[in-house]
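What follows are several structures.
Next come two complexes built around subunit A: one with subunit B, the other with subunit C.
So, the complex of A and B:
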C-alpha cells in the first residue's frame, strides 16, 4: 500500500477475510492480513502481510483513496550515499528451546514482551492484567531473570542484556497498579543490575514501597498445577536449601538477541561482528564499525537501554555527518512563500472545508448537511466538501477558493491537527495568508470513528464541532514567528575525554569552538586511568586526543579558566571567562553550550581508608599495579559499593563492578597464585562486560555477596596485615579473610559545579549531576534550548559511553550551528505591561523561569526566545494581563460559548 | 482504535492542561455545561514539567467554589493518562458521562428558564 495515499481509514482491514497471528501482541490475539502494526504507527498507513494474504483483491476494490497497489512487487533501488548507519536493533530471545521453563507448553508462562502487551491499554486485554489460560486476574506473578542472557550453559549467550532488570521492576510496579486486589510480585535474579542514572531509586521504590520481592535464585524447574493452571517453581535458595513456590503466572525476562537477518546484512556490508553477533567496535570509537564510513548504534552495537540507544543514534549521526560535512547544505529545496497580505483590519471571511475522508466521515456523518449548516454560521463566506481534503489536488482547489472569495480564515473539518495542521497552514501561507489564521475541527477521530453506531448523533456533534471551530477562527490573530540569528561558535565546558571529543567533532565539521578547562592541562579524570577492561591504553588514547584537539585550528583551548558571567538564549549566548593565572577576563559569544564538567572518585570515609596505607581505592590500585605490578600481593580483598548505594549516595556508580573485575583480572594475570576476593552486593557487569566477570571467576577470583544490613568489617591484624570479616551466605557464618591489601571500589561523585550551575542556571539532581531534558527521548539535551550535556557530568559512566555521549552532544549542537537563523514558535506568552501590577506570580509559577522583572524599566518581561508556550503564567496572572498567543482566553472561551449557545 | 465513547463529550484543545483556567471551568458551568473535565498527562510526566499539577490545583479550587454556591463540585474533574492509553481515555469519558447523568442536569439551566 502506498503510505502517501493511505489515510489510515482501516476499511481494508475491516473487510479482509483472512486472519493472521498478531505478532505485536505476541500472538495473544489475531489481526487481518491487511493490517496496521499498532495504533501509534508513523506513518499511519496500512500494509498487506504477503505471507497471510490469499490474493482475493478485495482491499484494492474497496480503497477509495486508491492506496492499495495490489500487484506491487519488491524493487531494487540504488542510492549513492556518503555514510551508512547500521541500526538494525535486536529481537527478544525465544525461550521455546529451554524445556525446563515450559514456555509454549503452559499457557501461563509468558515472555516479558508478552507481558508488556498485556499491560498495554492497546494490548490484547486492553490493559487488564489477566493470565492467558483463563483470563483470571493473577494473585501472584514471578519474573525469571536472565532468560537467554548470562547463560553460556543452555543458550550460549554469555552477555548480560542490560535492560531486563529494569523492565522487570517496571512491569511488576505497573502490574501492582493495574490489579485491584493484592498482587504478590517476585523477581528471581542473580544480581539486580539497576546501574543507570537514577535507576537505583526506582529499584528501591519497587522493593520498599511497592513491596516487590527480590529472590536471589535461578529457578531450575517449572511445572503446571493441572487443576488450577498455576505454576510450581523449584529453586535452590542462597543457603543451598531446595524451595518450592506456587505462582499464578510466570514472566520470563527474555534477553536481547541479534536476528539472523541483521547478521546477513552485516555480512553483506562487510562489517565485522563479535562472537555474539553484536557489531565489533573499539571502546575509544564506540559507534565506528570495522568498515570505514559505516557506523552503528543501538542494540546492534551492544545490549543497552533506550537512553543509551538514543544517545548512540546521535553519535552515529555525528560521525556519519562529519564524513560528509563538506556537502552540508546541498540538495536543499527552499519553498518560496509569497509576501503576507495584511488582513488585520479586515472583517473575518471564513472558508469551511468539510472532508468526507472517503467513507470514513461521509459514511457516518451527513457531510452535505454539515457543510450547509456551516454556511449559515457567522463570518462564513464559503463552504465546500471534499472526498479527501488532504489530497494534493484539493490543496490547489482550496488555494483557488481562498483567492476567489478573498478568504482570510480557514476551517477544515476533517481529522486530527496532529497529522494535518501543518499541511493546511502551508496551504494558507502559499496564498499570502498568515498560517495561524487556521482552525481544524476533528470530525473523524473525535466523531465519526467513535460514534459510527449513531449517525444522527455524529452529524449533530460534527455541527457542534464546526460551530466551535468557526467561532474560534473568527477570533484568531495574525502571529509573527520571530527569526533570530545563530552565532556559529560553540562553547564546550570541561576538557576531559567527553569535552575534548565534543569539541573535536564540532571542529572537524568546521565550527569554531572554545574549549574551557579549569585545570592547567586537558585530560580530566581519565589522566588517572591506565587501561580499559578490554585492555586498551587510556593514556596513549588521551595523548592522541589532546594532540588532535590542540592541533585543530577551529578549536581554541582556554586552560585555568573559570566561568564568571553568563547571559543570552539559544543561538545567542555570551559568557564571561577568567583565563590563566592572571585571571584575564574575556567574553565569548556563542550559539550553543556543551556541558562536560565530569566527575571524580569518591574519597572513602569507610574501612580504615584514612588510617591505613594498605586500604586503597580501585584507581589507586590501578596505579600500584602499573608501577609495581602484583609483587607482594598474596591476598587482596575488594569491597564494592563504597560511597554508593547507601543512605548518603543512593545511586549506583555504574562503573565500579567492572573496575574491580578489571583490576582482579590484572592481578591474576600478573600473579596467578594471588588470592583475590570481591565482596559485593550485586555484580553489575552489564552488556558485554559480563564476559570479564565470567573470566574472573574462571581465573579463581572469589566473589562473596553481602547485604547492605550486614556489611563487611576491616580491622588490622596483629602481624600488620588486615583482617576482613564477612558473613558468608552459604556457610551462614562470619568468615575472616587475611589481606595484604584492601581495595575499596569507591563510587563516583560529580565535580563541584555549584558556582557554574548558579551562574548559567543549569539544573542538577540532588547528587550534583546535571539533568537532561528528557531521560529517554532527549538524553543529551538540557532543558534550556541550545545547551547539551555529555560525559560523567550527566552521571557515572565508562569512557566508551562518555565518548558516544560526547559525539551525540556534538551532533545535537550541529542541528543549531548548521543554521544561520532559527524561526521561533509564535505560540508564546505576552504581557500587557499596562495592566500588570508586578505581583511576580508569573515569575514564581513559570516551570522554566522565563518571566523576569526588568528592574530598569520596572516591567515584567517574557523572552519569547525561551518561552515554551505552556500557558501556566497566563492562567495564574490575577490581572489576566498575560495572554498565550493562539490560545488567548477568548479564543478558548468562545469555543465553550459556541458549544453551549445551542444547548448540549 | 475507534473506541466508542458518549457523543456528548466535546473536546477543546489546549497546549497543556496548565492552560486550563479557572475562568474556563467556571464559565462553562455558568453557561450551562452539565460537566467539564480536564485530561492531562500522568503526574510527573508533564511535557511542560508541572502544567498538569497546576491544572489539578485549579480543578480542586473550582470544585470548592461550586460547592460554596450550592452546586456539585464534582461536575468539574481532572483526569490523567498517557497518550498511549486510548481505552483509558474512552473509559474516563464514559465514567464522567455516567457520573454527570447521576447528578442530573446543571441546575443553572433550570434557573435560567425560570
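So, the complex of A and C:
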C-alpha cells in the first residue's frame, strides 16, 4: 500500500477475509493479511502480506484513499551519501533447538519476547497476564536466564547478552503489578548482571520489596504436568539439595543474536564482523567499523541495553556527521508554521480529547463517559476519544477538528505533560493557534495506573481532572516566546578521556571549545591504567589523544583550572575560571556545556588495606604487574565488590569484575603457575567481556562466590603471608587460602564535584554522579538545556563506553550549536512593581539568582531570558505581586474551584 | 562432624584434574565450570554419598585429590552423560569420573563390576555371566525351536549364529540366555517380520561391557575388538548394539 496515501483508518484490515499468524505478538494471536504491525507504527500505514493475501480485491474496493497497490513491487533506489551508520540490531535467540526446555512442545513455556507481548496493552491478551494454554492467570512464573547466551555447548554463543537480567527483573515486577493476587516469581540465574547506573537498586527493589525470588541454579530439564499444563522444574539449590517446583508458566530469557540478513549486509558492505557476528570495533573507536566512512551502533556493535544503544546512536551520528561537516546547512527543509491567529478577543472554544492509551486508561476508566461528561462543561464545543491520542494520525485528526470547530483552546486528557506537552503544543501551532493555549489532564499516571482496582472511582476522578483542566484552559492567555542568539563556543569540563574526546569531536566540526582541567595535565583517571582487557595500550592512546587535542587550533586547554562563577542560560552562558598556579581569573562565554568530571578508585577501609602493603587495589596491582611482572607471586586472592553493593554504596561499580579478570589473566600470562582466586558475588562480565571470564577459568583461575552476609576475612599469617578465609559456595566448606597478595576490587567513586555542582546548579544523585535528562531517551543530556554529560561523571564505565558517550555528547552539542538562535520558553515570572515593597524575598529565594534590585529605578527586575520558570518567587512573594505566566494565580485557583464545585 | 578447612594457595602443585585434562580433547573443558548446577539438576546420582557432579568437579578443581579418589560416588555415576548434554561449557564430567575409577587399584574396585568384567574375560563370548559360546548356541537353538512349534505363524523364524554375509550383527545382553531366555524372542520376531538379514556371533555376542564401567582400559578394548572382529569376519555391514 502507498504509505503516502494510507490514512491508517484500518478499513482494509477490518474487512480482509484472510487470517495470518501475528508475528509481532509472537504467534499468540492472528492478524489479517492487510495489516499494520502495531498501533504506534511510524509511518502509520497498512501493508499487504503477500504470503497470506488471496488477492480478492476487497480492500482495494473499500479504500477511500486509493492507497492499495496490488501491483506494487520491490524497487531499488540509489542514494548518494557521505557516510553510513549500520544499526541493524539483533533478534531474539530461538530456543527451539534446546529440546530439554520443551519450547514449542509445551504451550506454557514461552520466550521473554513472547512474555513482553503478553504484558503489552497492544499484545495478544491486551495486557492481562494469561498463559497460552488455557488463558488462565498464572499463579507462578519461572524465568530461566542465559538461554542462548553464555553457552558454548548448545548454542555456541559465548557472550553475555547484557540485557536479560534486567528485563527479567522488570518482567517479573510488571507481572506482579498486573496480577493483583499473589504471583510467585522466580528467576533462575548464574549471576545477576545488574551493573548499569542505578540498576542495582532496581534489582534490590525487585528482590526485597516485590519479593521476586532469585535462585542460583540452571535448570536441567522442563517437563509438563499433563493434567494441568503446569511445568515441573528440577534443580539443585545452592546447598546442593535437589528441589522440585511446579510453575504455571516458564519464561525463557532468550539472548540477543545477530540475524543472517545483517551478516549478509555487512559482507556486502565489506564490514568486518567478529566471531559472534557483531561488528568488529576497537575499544578506542567503539563505533568505527573496519571500513572508513561506515559507523555502527546498538546491538549490532555488541550486546547492550537501550541507554547504551541510544548513546552509541548519537556517537555514530557524531562521527558520520564529522565526515561531512563541511556540507552542514545544505538541503535543509524548514517546517512552515502558519501565521498565528489572534484569538485574544474571542470567547474560549475548547476541544477536549480523551485518550484510551490502549488499555492503560481505557481498561480502567470509562473513557466514553468522560468524553461525554466533558462535552457539557463550559466553553467546550467539541470532544472526542482516541485509542492513542499521541499517534501521528490522531494529530492530523486533531488539526482537522481545530479548523472545523474553530477551536481556540485544546485540552488533552491522557498522560504526562513531561513527555507529551511539546508535541500537542506543536499540533496547536500548526493550526495557527498559540501553543500556550493548551492544557493536559493526567488521567493515566495519576489516575488509571493508581486506581486500577477501582474503575468507578477512577472514572469519577478522571471527570474531576478533566473539569479542572477545562476550567484552566478557559483562562489561558496567548504568550510570546523570546528568540535569542546562540554563542557557538563550547565549554568542556574535565580533561580525561571523555572530556578530551568530546572536545576533539566538536573541534573537528569547527566549533571553538574551551577544555577545563583541574589538574596540571590532561588525562584524568586513565593516567593510572595500562591496558584494556582486549590488550590495547591505554597510555599510547592517551598520548595520541592529548596530542590531537592540543594540536587542534579550535580547542583551548586550560589546566589547573577551577570554575568559580557561572551565569547565563542555554546558548548564552558565562563561566568564571581561575587558571594556573597564579589563579588568573578569566570569563568564558559559551553556548553549551559538556560535563566530564570523571570518577576515581575508592580507597578501601576494608580487609587490612590500611595496615598491610600486601593488600592492594586492582589499579595498584596493574602498576605492580607493569613494573615488576608476576614473578614471585605464587598465590593472589582478589576480593570483589569492595566499596560497592554495600550499605554505603548500594550501586555496582560495573567495571571491577572485568578489571579483576583482566589482571588475573595478566598474572596467568606472566606466571602460569601462580594461583589466582577471585572471590565474587556475581561475575558481571557483560557482553563480549564474558569471553575473558571464560578464558580466565580456562587458565585455571578459581572463582568462589560469597554473599553480602558471609564476606571473606583476611588476616596475616605468622610467617608474613596473608590468610583469606571464605566458605566455598559449592562444597559448603570453609576454605583457607594462603596468599602473598590480596587485591581488592575497589569500586569507583565520583570525583568531588560539590563546589562545581553548586556553582553551576547541576543535579547529582546521592552517589555524586550527575543525573541525565532521561535514562533511556536522553542519556547524555542533562535536564538543563544545552548541558550534556559523558564519561564516568555519569556513572562508572569502561574507556570504550566513555568514548562513545563523549562522542554522543559532542553530537548532541552539535545539534544545539548548529542553530543560530533559539526560542525561549514564555513561562517566566513577572513583577508588578506597583505592589512590590522591595522586601527582596524573591532575590533571596530564587535558586538561579535571577531577580535583581535595580538600584537606579529602585525596582525588582526579573530577566525573562534567564528565568527558569520554576515559580519559586511567585510562591514566596508576600505581596503576591509576582505572577508566573502560564501558571498565573487565577489559572491555578480556578482548578481548585472547579474541583470543589462538584463536591469531593 | 566439623570438617577441616580446605587449604588452598601457596606454591603450585600438580593436581589430578590437570593430569586428566592432558588425556582429553580440549581438556574435557574441565576448567570451565560456571558452577551453575545444570549437571547436578539432571543427574540421577545427585544426592548419593552427599555428592553430585558439580561438587565432584569442584573437588577436582580445588585439588582435593585424596577426597576425590576416595569418594564412593565415583562408582555411582552411570556415565549417562545427561550432565554433558546441557552443560553450557560442555564439560566432560563422565570422563573425569572414568579416570578417577582408573586410578583405583583394580582389586579395590567394586566387586560386582569387577566380577562381571573378569567373567567376560574367561572365554570368547564376552559375557558377564561367563557363558561359553556353545552354551549360548544351545539355548538360542532350543528356544527358537520351541517357538517355531508353539507359534505356527513363526514357524519359519530364524535366530542364526555366525551367518556369513548377514547385513546386521546383533549382540545380546548376557543375562537373558541364562535367566530369562524368552526375553530374547520379541526382538527375533520383529527382525523376522521386517525380513532383516541378521546374525548373532558365537564369539563376542555379550553386549554389555562391564570392563568399560570398571575403567579397565585394556580389558574393555579387548572385548570391543573381540566382538567387532567377529562382525567383520562374518562380513556384516551394520553392528546393532542392543545394550
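Assume the second predicted complex is superposed on the first by the 670 of 904 C-alpha atoms of A that agree within 3 Å, B and C clash if a C-alpha of one lies under 4 Å from a C-alpha of the other, contacts with A are read in each partner's own complex, and residues count from 1 in each chain.
Definition applied: a contact is a pair of C-beta atoms (placed from the backbone, for glycine too) under 8 Å apart; a residue touches a chain by one contact, two chains touch by 3 or more.
What you are looking at is a predicted structure, and each value in this text was computed from that prediction instead of being measured.
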**Partner chain in contact with A:602 - subunit B first, subunit C second, else both or neither** = neither
**Asked** For A:769, is the partner it touches subunit B (first), subunit C (second), both, or none of the two (neither)?
**Response** neither
**Message:** Looking at A:706, would you say it contacts subunit B, subunit C, both, or neither? Reply first, second, both or neither.
**Reply:** neither
**Request:** Using the touch definition from the top, say if A:900 reaches subunit B (first), subunit C (second), both or neither.
**Result:** first
**Request:** Would you check which partner chain A:673 touches, where first means subunit B only, second means subunit C only, and both and neither mean what they say?
**Result:** second
**Request:** Mind working out whether A:566 is in touch with subunit B, subunit C, both or neither, as first, second, both or neither?
**Result:** neither
**Request:** Using the superposition on chain A described above, determine whether A:887 touches subunit B (first), subunit C (second), both, or neither.
**Result:** first
**Prompt:** Touch check for A:295: first (subunit B), second (subunit C), both, or neither?
**Reply:** neither
**Complete:** Both partners, subunit B and subunit C, contact subunit A at residues none
**Prompt:** Given the complex with subunit A, which residues does subunit B contribute to the contact?
**Reply:** 1-5, 7-8, 10-16, 18-24, 27-28, 31-34, 47-51, 54, 58, 84-88, 90
**Request:** Would you mind writing out the residues of subunit C in touch with subunit A in their complex?
**Result:** 3, 5-12, 31-42, 46-47, 50, 52, 54-55, 58-59, 61-62, 82, 84-90
**Prompt:** Any idea which subunit A residues touch subunit C in the complex?
**Reply:** 100, 146, 150-154, 190, 216-221, 234-236, 240-242, 634-635, 637, 673-675, 677, 694, 697-700, 702-703, 705, 724-725, 728-731, 733-739
**Fill in**
Within the complex, subunit B is touched by subunit A residues 10, 39-40, 120-122, 126-127, 417, 442, 446-447, 449-454, 457-458, 460-461, 464-465, 468, 827, 845, 847-848, 868-872, 874-876, 880, 884, 887, 889, 892-893, 895-897, 899-900, 903-904
